[in-house]
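The following pair of complexes shares a single chain, chain A, combined with chain B in the former and chain C in the latter.
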Partner chain A sequence: MSIEKQTIENLATLARLAIDDTRVEEMSQRLGSVLELVDQLKAADTSGLSGLDHPLNETQRLREDTVNKPNMREAFQAIAPDTEGDLYLVPKVID
Partner chain B sequence: MHNFTIIELINGLKKKVFSSTEITQHFLTRIKNLDSKFNSVITLTENQALAAAQSADQLLAKGEAPELCGVPILHKDIFCTNGVRTSCGSKMLDNFVPPYDATVIENFKNSGSVMLGKTNMDEFAMGSSNETSFYGAVKNPWATDSVPGGSSGGSAAAIAARLAPGATATDTGGSIRQPAALCGITGLKPTYGRVSRWGMIAFASSLDQGGPMARTAEDCALLLNCMASYDDKDSTCINRPVPNYSANLNDSIKGLRIGIPKEYFSEGLNPGTEQAVRNSLAEYEKLGAELVEISLPNTGLSVPAYYVIAPAEASANLSRFDGVRYGHRCEDPKDLEDLYRRTRAEGFGDEVQRRILIGTYCLSAGYYDAYYGKAQQVRQLIRQDFVQAFEKVDLIMGPTCPSPAFIFGAKGNDPVAMYLEDIYTISTNLAGLPGMSLPCGMVDSKPVGLQIIGNYFDEARMLNAAHQFQQVTDWHQQAPAGIES
Partner chain C sequence: MNWETVIGLEVHVQLATKTKIFSAASTAFGAAPNTQACEIDLAMPGTLPVVNKQAIDYAVMFGLAIDAEIGKTSVFERKNYFYPDLPKGYQTTQLEQPVVGPGVVDIQLDNGDTKSIRIHHAHLEEDAGKSLHEGNFRSGVSGIDLNRAGTPLIEIVSEPDMRTAEEAVAFAKKLHSIVTSLGICDGEMSQGSMRFDVNISIRPQGEDKLGTRTETKNLNSFKFMEDAIRLEVERQIDVLEDGGEVVQETRLYNGETKVARSMRSKEEANDYRYFPCPDLLPVVISDEHVEQLRANLPELPDARQQRFMAEYELSQYDATVLSADASTASYFEQAAKQSGNPKLTANWVAGELSARLNIEAISLEQSPVTAEQLAGLVIRIADNTISGKMAKQVFEGIWNGEGDADQIIEQRGLKQVSDSGALEAMVDEVLANNQAMVDDYINTDADKRKKKLGGFMGQIMKASKGQANPQQVSQILAQKLAKML
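Take a look at the complex of A and B:
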């Protein structure tokens, strides 16, 4: 099973990955073999079963909305590729 | 000195046979002299280690030492360490120095243990051979032409090579148990929610769980006492008292009912591995345990379900690596889209990109129900298999992996062949159950692992059974050639 080039390109766009043409074919084959493996799921009879969202079937607890952590903006911005003032810098988005 | 277990090191420290500074220096020297052969450590934290050892020695002198005071260990490079690079085996985080500690790291600091450094691993924990690490593969100390297993291959190899007496690790589909088996050491993946995931870089959030690796079950119990805690910062952490895992190690296991799943002894299992596991089960019978044949009929669906769920969750978790706030950023992006796409293509290796694409596929419109929804239902089937089995037995045992360590590159071109390496370990992650691996034999001079699967939060019983086995066998005491001296 192999996946169409167009599908790989579409997935790469959704996942924000640059995949150049030289890699598309290899990706298509490898992804195809993985999808062949996971297609075995189709044969399983799961009628009437709900999905297991938490391994222990627990619901996630909520906590009080209280301030409990120090402000670490400076520490976090110190490891950013590019900042200015309190902001993270990215290339121009709107002309 | 490097052949001492953690328990022996603690006793030696308390009796002042040696100081923490001496043993820390000893292990640092070993890593510096020997690790070029194994590549198990990414970052050595020599100065911090010696400073921590000195503080530990002061506490020991005052008689105020916490449990692991002065014991040097390694941490898998997936746990954030304040001020120490945390790469997760990826180029993406090659320059990432977290400004905070993971809860697990904080727990170990509070226990007085000394961090020697950070261990190598498959990139973002995605792999079963350590071949996907940006820092190069780890080599198995038992046969350096063979893989150490993965993703916690660095931690496992370092312990096998006596470069550290214990280490932290994580397990999403077998990443603690499989490398423990292939490197001839003991490792335990706790029940999902037992150990905090806060500050542990996420791969598949509903499967990931941190746990200890050491040479013996007794040492793993000690490390788990420190690692396991309730953490408000991890909303999936279970609020339940942490027992003393060392308390019942010496209990008799007479009458223990051990389930032997027939699906774990089927086609694809190496005959030598099977023999070693069967011999170990006979040993358990001698100890008074009762072997009960059981069936886990949906075992065959675990690998396909895992390869939907894990990549799907990974594709969401790894979307945070975008070159904006930390980590790798591409040069001269022409616009924001280009920044994202090139940063991620340059920062992630092939296997990680492949899994992101698979996950994106399974979650995309029109496919979600057929893949992710279906896999979550299958997960319920797998859980039910275990629930039914544990009505009849106390523990489940079988092989950890189908065969001993394979040669580098042997499964390189076929992701599916590599994925089947985890066929016996994945279902416990899908069900959220605890599992462990301990050395139980040798095939072609390479170690074989016995897997023990427990019921939810039954780690103490697993450790008890493992410890009793290690009282009557010596597989866990064997060392690779050339390591003893």
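Take a look at the complex of A and C:
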């Protein structure tokens, strides 16, 4: 099974991945084989079964609503690519 | 052609927790940028979310308040998109199994009827940070403040059950009333604590099929919402009547300029590729815990409205206005109890005080007139010390910090004359000095005499420098004139 070139390109755009034109064919084959596996799984009869929310059969532990994170802005900004004043800076974003 | 408007709302409500939904960083409003964004909010590699119990409880409380099914098992999912104010590259939200299922919110229409607006569901999610496009930094870049990133939200999604802008605003106000009464949101619209996305479509009157809808995003005031809906409905009507087609798109409305523009159309719309978040296990809420939350729910607006009507004998209108938010309700109750005159207190809270707060654009919490002071004023109106007209002057004095009602009445010598001997003397004097008016009154046909009373009243009130008790004066005047006939 292969996936259409356009789908690969669309996915790459959404995931912000640069995929070379020469690799699109290979990608299509490899992702297609994943979908083949999914198709095999689909053959199993799952009627009457509920979906799996998480592979671990556990439930979420919850945290009390108490502030215990100090201000570590200096440390975080020191390893950020670009900052000025209080802010992290990024390439201009426009809605 | 007659068009019918169809409106559905998506409402983002910031929950009043102390910490973020997935981290223990503070959510306090107004902190210096990025001082309340910890390594989890910043999506540092290796960090993992831990769910805030209070956020879950608040969401469940909302569900209980709208008679919704509670999702006993709810699941967080990843909504994938890239934007600099979302460091993880996905928003942790809920999709298939939200914490709050279908419910109902009743709104009151202008004609007094009640309409039920169905809630499709409400889910928990995290807020994003803020992108600043200009500020204290060099040009050509954007600044990011991540303090808001990870603030817990519930997104309430309504069914398309509203037909007018008024209904949509009534619904929005009712939600505001519910979440502030529950204490799960501070309701500060100007700080973004509640934001509305409005889905609007139109169809020919009588048509069942829905028209193509647009979504106007991020409205943060009731007024802007109402204006934005009217504008969009007009635009869609124009498009269709000119033979065009409404394009499904996201629109932005600027409340200051009153102009809306298209943000993105469906073709470019994001494909969010949701999937269950592997970092978070399903959240399971026990029946016992739900019942505990139900037993401890604060009084809700509808119940409070009924109680105000029964306990204080308020009209439905007054009861609705005064029960809408918890702070107005408690201010009214305190003043009503102290004054012993709920009806008059209601008039002043819903009338003069609200009007003044609106003009000054301040909240009731910031009111310079305390509930106790308002009660003091109401007591002096009720016992006839001052007239309604004087009361406005006294109110002004209290507002300006001149003291309590009694002090201002004393200082300004505003006491109303209610001594019947003194009033009779005043009436006699005015009648004696205006013989022509008296003759005219006597010669007028009986059924038209009532109209002549105003002239006498004016003279008497003028003679008393406005301090005569008008009800008493009018009684005395009527008696005296009757004797002259």
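Observations
Everything that follows uses one rule, which is that the second predicted complex is superposed on the first by the 90 of 95 C-alpha atoms of A that agree within 3 Å, B and C clash if a C-alpha of one lies under 4 Å from a C-alpha of the other, contacts with A are read in each partner's own complex, and residues count from 1 in each chain.
The rule we apply is simple: contacts are C-beta pairs under 8 Å (C-beta built on N, C-alpha and C of every residue); 3 or more make two chains touch, one makes a residue touch a chain.
Since the model is a prediction, treat every value here as computed from it, not as a measurement.
After overlaying the two complexes on the shared chain, residue contacts for A:30 are found with chain B alone; chain C is out of touch. Residue contacts after overlaying the shared chain place A:40 against chain B, while chain C stays out of touching range. In the superposed model, A:16 makes contact with both chain B and chain C.
In the superposed model, A:60 lies in contact with both chain B and chain C.
In the superposed model, A:82 lies in contact with both chain B and chain C.
Judged by the touch definition given at the top, the superposed model places A:6 against neither chain B nor chain C. Of the two partner chains, chain C is the only one that A:71 touches; chain B does not reach it. Comparing the two interfaces of chain A, the one with chain B and the one with chain C have residues 14, 16, 51, 53-54, 56, 58, 60-61, 63, 72, 76, 82, 88, 90-93 in common. Within the complex formed with chain C, the chain A residues making contact are 10, 14, 16, 51, 53-54, 56, 58-69, 71-73, 76-77, 82, 84-95. Only residues 7-8, 11-12, 14-19, 27, 30-31, 33-42, 44, 46, 49-56, 58, 60-61, 63, 72, 75-76, 78-82, 88, 90-93 of chain A touch chain B when the two sit together in their complex. Chain B makes touch with chain A in their complex at residues 96-100, 191-193, 206-207, 232, 235-236, 238-239, 298, 300-301, 303-305, 307-308, 315, 319, 322-326, 329, 333-342, 344-345, 348, 353-354, 356-358, 360-362, 364, 370-371, 373-381, 383, 414-416, 419, 430-433, 456.
Taken together, the chain C residues at the contact with chain A in this complex read 17-19, 23-26, 32-39, 42, 44, 50-56, 73, 75, 80, 82-84, 96-97, 131-133, 135-138, 140-146, 252, 263, 270-271, 273, 276, 278, 280-284.
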